[in-house]
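Each chain gets a letter, A, B, C and D, in the order it is written, and its residues are counted from 1.
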Amino acid sequence: MSQITEENLHEEKTLKELLIRMNRIEGQVRGIKGMIERHVYCDDILNQIASVQSALDGAAKLILEKHFKSCVKQRLLQGDEEVIDEVLKTMFRLKR
Amino acid sequence: MSQITEENLHEEKTLKELLIRMNRIEGQVRGIKGMIERHVYCDDILNQIASVQSALDGAAKLILEKHFKSCVKQRLLQGDEEVIDEVLKTMFRLKR
Amino acid sequence: MSQITEENLHEEKTLKELLIRMNRIEGQVRGIKGMIERHVYCDDILNQIASVQSALDGAAKLILEKHFKSCVKQRLLQGDEEVIDEVLKTMFRLKR
Amino acid sequence: MSQITEENLHEEKTLKELLIRMNRIEGQVRGIKGMIERHVYCDDILNQIASVQSALDGAAKLILEKHFKSCVKQRLLQGDEEVIDEVLKTMFRLKR
């Protein structure tokens, strides 16, 4: 029981962390819109897009880790190997 | 003169197209936040992140094309080769 | 017993497939060296490098799948969660 | 005249550097074949593949730089804008 609670707390913490990151990404995207409207130099806009991509990579990594340590693990322990094909397909859709 | 006007019109059109794309990306990011809050299955969230990455790639490609056909070309015509190092560095920061 | 044999056969087949792919990649790399020596147009060389990268991606995907369905699964079933951190770290080193 | 000679020397140096890199990559690919044959742990093979991908990225970057500073620049100076579409298409085929 106490283990489940600990896991829930950890889960809760990860979700909060993810929301903070996605809020930051949303702000960056809004910032890029402003840059486009203000005719900022293209190279600066491209570097800002590269930053958003890195931030998305980081968020994806966090979710993948959480996914592996909960759903993927549990489904594998239940003998469900299809989860491997599912997660591999998703990982190869994600950049890097 | 008429050529410049045509170029401006083209530029204007590209900027509008870019803003539409960035608005869509902003909406997708907001959608992902909602998915996280509603505890949607991780694999679905990851696929949504992959979609945002593809959309960002598309926007970056459009900006790069515009950048090449205006600033990069003009600076090269003026004998400024540093623009090549600048654009290469940026391109290698962008995924893909 | 018969299951183990079947698994071994499958493993054997995957290894053969991987060697065929790596041989092809080795040939492509040698081909690129020849292109460089013959001063072939850069854009053609770059496209050949892109082909090698795709071929390497395909090989990596095949190895990852094999890795997940054998080692990763077994270590998870034995309660060893470190394998998740290991495989995630590797996957984020691989392009895409 | 002396400038052309200098450029040729630089070109020669870049080609030599590229051949050295491609030789190293060919050796790495052969090494991976050996690892597969000796049934080395998958994670080690995957990390070796990631190294080859990085080395290919480096070679591609070198060729792109050379390409931009010679062919792309010259064709742009001659008013040929198609070279931009060609190089953009190639860059988006290359990983990263």
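Everything below uses one rule, namely that contacts are C-beta pairs under 8 Å (C-beta built on N, C-alpha and C of every residue); 3 or more make two chains touch, one makes a residue touch a chain.
Computed from a prediction, not measured in an experiment: that's the story for all the values here.
A.B. asks: Based on mean C-alpha positions, I'd like to know which chain lies farthest from chain C.
C.D. replies: Of all chains, B has its centre farthest from that of chain C.
A.B. asks: Mind checking the centre-to-centre distance between chain B and chain C? Centres are C-alpha means, answer in whole Å.
C.D. replies: Inter-chain centre distance comes to 31 Å.
A.B. asks: With centres defined as the mean C-alpha position, give me the chain A-chain B separation in Å.
C.D. replies: 20
A.B. asks: With chain centres defined as C-alpha means, what is the inter-centre distance between chain B and chain D in Å?
C.D. replies: Chain centres of chain B and chain D, defined by C-alpha means, are spaced 25 Å apart.
A.B. asks: Residue numbers in chain A touching 2 or more other chains?
C.D. replies: Only 57, 64, 87, 94-96 qualify.
A.B. asks: Chain contact topology under the given definition, line, ring, star, complete or other?
C.D. replies: If you draw each chain as a dot and join those that touch, you get a single closed ring.
A.B. asks: Which bits of chain C are touching chain A when the two form their complex?
C.D. replies: Residue list for chain C touching chain A: 57, 61, 64-65, 68-69, 73, 76-77, 81, 84-85, 87-88, 91-92, 94-96.
A.B. asks: Considering only the defined contacts, which chain A positions touch chain B in the complex?
C.D. replies: 15, 18-19, 22-23, 25-26, 29-30, 32-33, 36-37, 39, 41-43, 45-47, 49-50, 52-53, 56-57, 59-60, 63-64, 66-67, 70-71, 86-87, 90, 93-96
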